[in-house]
Amino acid sequence: MMKLLLKNREMLLVVAIIALLVLIAVRFPPFVAPGNLANVYNDTSILIILALGQMAVILTRCIDLSMAANLALSGMAAAMLNAAFPGLPVPLIILVAVALGAALGSINGLLVWKLDIPPIVVTLGTLTIYRGLIFLLSGGAWINAHQMSDAFKALPRATLLGFPLLSWLSLVIIAIMVVVMRRTPLGRAFFALGGNPHAAVYTGIDVGRTRFLAYCLSGTLAGLSGYLWVSRYAVAYVDIAAGFELDIIAACVIGGVSIAGGIGSVGGAVLGALFLGVIKNALPVINISPFAQMAISGMVIIIAVAVNARAEKRKGRVILRKAEAAHG
Amino acid sequence: MADVQTIARHIPDRLESRGARLIKSWETLLVAVALAIFLVNSFASPYFLDPWNLSDATFNFTEKAMIAFAMALVIISGEIDLSVASIIALTSTVMGYAVQLGFDTPALVLIGLTTGLLCGAFNGLLVTGLALPSIVVTIGTMSLFRGLSFLILGDQAFTGYPASFSWFGQGYVWWVFSFEFCLFVALAVIYGIVLHKTNFGRAVYAIGNNQTAALFSGVRVGRVKFVLFLLTGLMAAIASICLTARLGSTRPSIALGWELEVVTMVVLGGVNILGGSGTIPGVVLAALIMGMVTFGFGLLNVPGIVMSIFIGLLLISVIALPILYRRFRGRRSH
Amino acid sequence: ETKKIALVVKALGIGFFEAANKGAQEAAKELGDVEVIYTGPTTTTAEGQIEVINSLIAQKVDAIAVSANDTNALVPALKKAMDRGIKVISWDSGVAPEGRLMHLNPSSNPLIGNMIIKLAADNLPEGGDVAVLSATATSTNQNVWIEEMNKVLGNYKGINVVATVYGDDLADKSYRETQGLIQSHPNLKAIIAPTSVGIVAAAQAVTDAGKIGQINVTGLGLPSEMAGHVKSGASKSFAIWNPIDLGYSATMIANDLIGGAEAKPGAELKMGRMGTVKLDDKNEGAMADPFVYDASNVEEFAKIF
Amino acid sequence: MDRDLLQDTTISRTRPAVALEGISKSFPGVRALSDVSLSLYPGSVTALVGENGAGKSTLVKILTGIYQPDEGTIRVDGAETHFPTANAAAKAGVTAIHQETVLFDELSVAENIFLGHAPRGSFGLIDWKKMNADARALLSRVGADLDPSIRLRDLGIANKHLVAIARALSIDARVVIMDEPTAALSHKEIHELYELVDRLKADGKAILFISHKFDEIFRIADRYTVFRDGRMVGEGLISETTQDDLVRQMVGRDVGQVFPKQEVAIGEPVLTVSGYRHPTEFEDINFELRRGEILGFYGLVGAGRSEFMQSLIGITKPSAGAIRLDGEVKVIRSPAEAIEAGIVYVPEERGRQGAIIGLPIFQNVTLPSLSRTSRSGFLRMAEEFALAREYTARLDLRAASLDQDVGTLSGGNQQKVVIAKWLATRPKVIILDEPTKGIDIGSKAAVHAFMSELAASGLSVIMVSSEIPEIMGMADRVIVMREGRIAGRFERADLTAEKLVRAAAGIQEAA
C-alpha cells in the first residue's frame, strides 16, 4: 500500500491534501464546506496557471525566475491601458497582456537559445529588468480600483454555473496543458529534452528552439495571469506578486517536477499548487499565528523535496538474476 | 607514434606568461568596467570624489560581498545557497532575543555565529546527507529560516543592542576606513587564499567541474560541500552581525531579497553559475562595481529600481558580450 | 544659494506620498529658495531608506524629512546626517527621538485611535464583532494607532475587536487576509483598516464575497481610491488627513529649522499657510484632526487626492 | 578511389540510394573526416571499418543530420540534399542505430521508438493507442517481447539496445545505418540481429554496418570501406578480401607485437578479496591478486565487473565481504581511503569518472596526490608541475603544455592523463577498467607496454576488459564474470578465446 503510494506521486499528493483538509476541519469545520473549498480553488487558480508554465520550463532543464515580474509588467500594462482608454474592449486588453507576456518570455527564450546564457542568469537579469520597467512605465504610481473600468474588473468575478470565471479559466488551461503535454510533439519534446538533451538531438528535437518555446509558454501564461491578478485584486503597482516566483517554483517542486528536468506532470503541478493554496488559505482561519505561515511553507517544501527524491531514487541496475526476480 | 622507447617529448609547464593570461581574463574586463563607472560617476556628480562619501558608499556592498565570497565557492562547486538572506534574518533575531536575555557583545557575537553555522549545517546536511538538489533545498530553508524569525518576532522588533555591539556596523578602524570595509578586505584576502592557494580550493574546483571524477580521485566530495554550506552560514552570520549593528534593530524582514543580489554579484564577478570556474578577485571587482553603480545613481537621486534595471542589463550583457565577440571572431576567421 | 530639502517617503509610487510631494513642491515654490528632492526606496524596507539617506548625506542636503519604514533602524544613519549638520525631521511615520530633531504627526495619535473605532461604532448601534487589518506588523504609526484605539475601546459598548491581521501593505495579501477574516468570523460586522492600501483591498474582498451591507469597511484611506467603494456601500465612511498639507508642513518646518529655529519642547515652528506647530515634551507636534469622508463629500475630494 | 573495381560489380549498375562526395568535417583541433566519399546501394550491406577515432561515427552523424559537413555533398537518389536536422534525414529515408544509446529513461518504450514521428490521430494529436500497437509489432520484429508502455529505465542494457534498433526500423527508411549494433548484445540477440539484417537486405534497403568484429563483417556484409585517420583508404567486395588485408588497410602497416607482455616472476599475494556481495549487483566474489601479476577480468558488457571494482574503492557499498592488503584486513569506505591504502581504480568512463575537463593537465594529475605536493594544506605549484611532468613523460603524453585544459586533448591522450593521475599516487594495486576503450591503436600499444612495465616493477594490476585479444595478450590469469558472479577462472597457459566466450555467455562446454 505504502509502496504503491510512493510510486505514484499524484496519489501521494492527493492523500496529503486530504489529510491536510481533515486536520484543518478538526479545528475549523467550515473550511471544508464545498463552497469554501471552491473559494480556495479560485484563490489558487493563478498559482496553478503559473505553475503549469513554470513546469514546462523546468522540464527542459531551465528555470524561469522572471515569471512574477513578467506577470506584474503585463498586469500593469493592462491596467494602464484600461485606465487610459476605459472604452477599450476587455478581450483586447487581455490579448495585449498575453502578447506582452509572451514577448517577455520569448526574450528569455532567445537569450537562452541564441546566446547560450545559463537560464538562471538570464531570468535573474530579466527579473530585475522587468520589475524596473514597470517603474519606468508607471512612474511608480499605483493604478487603483477606481481607475479601472467595471468590465475590466468584472471578468474574473463573473460566475458561470455558480463558479467564478477565474476558476473556469484555470480549468480550461489545465485541460489545454494536459493535451499539450501529453499529446503534442512539443509537449513530448519538453519531456524528452529534459530527460536527455544529448539524445534529443538525435531524435530531431531542436534543443534551443524547444527551450525557447517553453519560455514563450511560461511567458504567455504569466501575461494572462498578469491581467487576472490585476483585475482580481483591482490594483496594479510595481511590487505586485513580488517574490511569487518562489511560490511558483515551490508548487512545481511539491508537485514532483524534478528540478533536474524531464520528470513531472500537469496533475502534479496542479496538486502542488493546490497544496500550497490550502495551506495559505487555512492558516489564517485555524488561528495559527500568521507569523508561522512562512516557516510552515518552508518545512513543507523541504519535506516534499525529500519525499520526491526518495520516490525518484534510481532503483539501480540489477545484474543478479535472482535479485531481478525479487525486484520485478 | 606508439613507440614507447622514444625519448619523451618535453612538455612546457605553461605556454602563456602570467601577464598575457591576465590581460585576456575576465577580471581585466571588470577592471575596465569599474574604471569606466568610476570616471562617469566622478563627472556626473561633484560629491562623488569625497573620501567620506566614498567611505559611506562602501556600506552598500560590504555585507553582501562578505556573503558573496562564500557563495562564490558554493557556486563554483556546482551548488547554490538561496537561504543566505534568511540566515541573516534568523541570526539577527536570535541575537536580538539574546539581548533581551541580557547577554553582552562577545556573547552576542558567539551566539550569532553559532546560529549561522547551525543554519549552514542544516542546509549542508540536506544537500549532502540526503543528496537533494541545493536549489530547492535552499528555497525551502529560505522560507523556513525567515519564517522562524517571524515566528519569534511576530510584529515586534528587537532593539537595545549594547553600544559596543554597534561598533561592528558603525565603527571606524582608521580615518575613513570602517570596520566593515576592513573586514571585507580581510575576508577577500582570506577567501582568495583559500580558493586559489589551498588543497581545499582545488577540491572545490574539481567538484565543480566533475563531481564524479573528483570523488573517484579521492576528493571527499560530501565533506567539502558540507563545509561550503557551513561557510555560507558563517558568512551570513557575520554579515548579519554587521547589518544588525548598523541598523541597531532587528525586524524579521531584515535583508529581504539579498540572496538574489548576492548571486548577481557572484555571477557578475565571472563565476560560472554552472560551477567549475570563477575567482575571488572577480567577485571583489563585481562588488565594487555594484557598490559604485548604486552610489552613483543614488547621488543623482535615481530610484533604486532603475539602478536594478542597470544591474540586470549589466549582468546579461557582461555575460553575453564575450559570447558574441567569440562568435563574431569565429565567423571572421572562416 | 538654494536650500535642498529631501522628502524621503516609505516607498515611491504610493498615492498618499505622491500627494504629500505635491504639498512639498507647493511649499518650495512659496519659499522660492528651496529645492525639494522627492525620493525613497521602491519597496518599503529600512535598508532601502538607509541607502537613500546615505546618498542624501553625500549630496550635503540641508534637511531631510522622512516618513520611516522602521522606527529604530534608521536612527544610526540619521544620527550621522545630523552629525554632518543636516536638519532631520520625521513626519507621518516617526523615527525614535534620538534620530531626529522633531516629529510631525499628521494628527494626534489618540485622536486617530479614537477616530477609527468611532467610525466603526457609529454604524453599529447594537455593537458587534470588528477586526483590524493593519499594514506590516512593523509599521510604527499603525501600531501606535491600534494601541490608542485599544485604550478607548471601553467607551464603545458592545464592540469586540476579534482579530488583528497584517496585510503588509500588499494588495493581494490584504485581500487574502480579509477573506480569512470573513470566513473565520461569521458574525463580523466591520473591518478597520488604518492603511490606505489595506482599506481598498478589504473593501474589494468584501465586495467580492457579496458581504456589502453586512460588513462595513472603514479606517484610513484616500478619497480618490475609496470613492468607488463608498458608492457601492462597501465602505460607509472613512477618514484621512490631507496628505498635501502634511507634505507642505513638513517642508516648511524643515525650512524653519534650516533658518535657525530650534526644536525643543514647547517651541513653535512655522508651517506657512498652516500656521504653527507646538512641540510637546517628546519633540512631537500634531497637525490637525483627521477628516471624515462619506457619500456626501467623497466625490469632491477624490478629484484632489 | 578504385573506380574500376566498382564498374565490375553488378550492384554498381544500380544507382546508389545515398552517396556522399568529398565530405570533410573538422572539430576544434581534430580533422575527423577529410574528403571521404561513400555510396550505399539498395539491397546491399556495406561494412565500414577503421580504428577507433577513424571517423566512422562522425560520418554516421553527418548522414543523419546531426552534424553538418564543412565541405562536400550528400546525394539521395542522385539529387543533392542537405540534412539540417535529424528529422530531415529521417524524412529522406535515412535511419540509424547510433553507437551511443540515444534513448530516454523516463519515457515509455513505445515513445522511445516513435519520438519525433509518433502516429497522429484527430486534430494532429498523438495517438497513443496506435503508437503502443505499432511499437509492439516493431519490437516483435527485432525479437524483443516487451510491454511498450513500461518505462525504459526499467529495462536492461540489451533490451534498451533492441529498443534502439526498433526505433531505427520505425522509420520507413531506404537506408539503415548500424553503428556497432552488437556491442551490447548477447549471443542469441546477435543472431536475431543478423537475420534482421538479411531481411532488410532482401527488402532492398541499403545498409551501412559498422563493426570492430571481423567475424560478423564477413558473415553479413557484401562490400567494405576502410577509414584511416578520417580518410577513405580502401573499398571493395568482401568476397575479394581477407581479414589480414583489412587490418593492414586499417592500421596502415602490419600489426606485429601489439601486446608487449613481459614475463614477470609472480610474487606473494598482495590483495585478497573474500565473500564480496551486494544485494543486487554481485555476489560470492573471492580471489587473490599477487605481486607482479596482471589479473584479467573478462565478461560481457553489463556483467557487473565495474560495479564490483568500484566496491573495492568504496564507491558502491558491499553488503558483505572483506579484503586484506599485504595480509592486513582493510576497511575502505571511500576512494580517498582506498588511495591512502594503495589501491587505485582507473575508471572506464573516462569523460565522466576519469578526466576533470575544465582543469589543466597538471591539476588533473596531482589531484589524488595533493597531500604529497602540498604543505599543511597549501598548494605548491612547483611541486605539482614536477610531479605532473614526471608522470606525463613516463606515459609519453602529447600536449602543448601542462597548463592546458584536458578537454582539449584527444581521447587517447586524455586516457594517459587519467592513468598518470592514479599512478602518481604510487599505488600497490592498480585496477584498470577498460583501459584502452575508445583509444587508437598507437595509444593502446603505449598503454599496454606501460602496464607491462608496471607489473614488472612489482605492482599488481587488475585489468577489466571486454576485448578478448587484449585479455589474452596481457593477462597472467583471467577471471570471467557473468551476471554478477564469477563464471570461470583460467591460467594464461590454458586460455582460449572459445573458453572465455563460453564462460561469459554461460554456454556449457561441449561434451
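Chains: A, B, C and D, in written order; residue numbering restarts at 1 for each.
The working rule: contacts are C-beta pairs under 8 Å (C-beta built on N, C-alpha and C of every residue); 3 or more make two chains touch, one makes a residue touch a chain.
Computed from a prediction, not measured in an experiment: that's the story for all the values here.
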Taking contact as defined at the start, I'd like the list of chains shared as neighbours by subunit B and subunit C. A
Check: interface with higher C-beta contact count, A-B vs A-D, is A-B
Farthest chain from subunit C, going by mean C-alpha coordinates, please. D
Euclidean distance of C-alpha centroids - subunit A vs subunit B, Å: 30
As a quick test, compute the distance in whole Å between the mean CA positions of subunit A and subunit D. 43
Subunit A to subunit C, mean C-alpha position gap in Å, rounds to 36
Using Cα averages as centroids, what's the distance between subunit C and subunit D in whole Å? 74
Multi-chain touching residues of subunit A, meaning two or more other chains, are 135, 140, 238, 291
Subunit C: positions in contact with at least two other chains: 12, 42-43, 137, 166
Subunit D residues touching 2+ other chains are none
Interchain pairs in contact, sorted by label: A-B, A-C, A-D, B-C, B-D
In their complex, what parts of subunit B are in touch with subunit A? 126, 130-133, 135-137, 139-148, 150-151, 153-155, 252, 257, 260, 263-264, 267, 272-274, 303, 305-306, 308-309, 311-313, 315-316, 319-320, 323-324
Along subunit B, where are the residues that touch subunit C in the complex? 45, 47-48, 50, 53, 56-57, 59-60, 154-157, 159, 166, 169-170, 243, 246-249, 251, 253-257, 294-295, 298-299, 301, 303-305
Partner subunit A, residues of subunit D touching it in the complex: 64-66, 85-88, 90, 98, 100-107, 111, 115-116, 118, 124-126, 128, 153-154, 156-157, 279-283, 302-304, 307, 483-485
Listed in rising order, the residues of subunit A that touch subunit C in the complex are 28, 30-31, 36, 39, 43, 135, 138-142, 144-146, 157, 229, 233-235, 237-242, 280-281, 283-287, 290-291
Contact set on subunit A toward subunit D in their complex: 179, 182-185, 188, 191-192, 195-196, 198-206, 262-263, 314-321, 323-324, 327
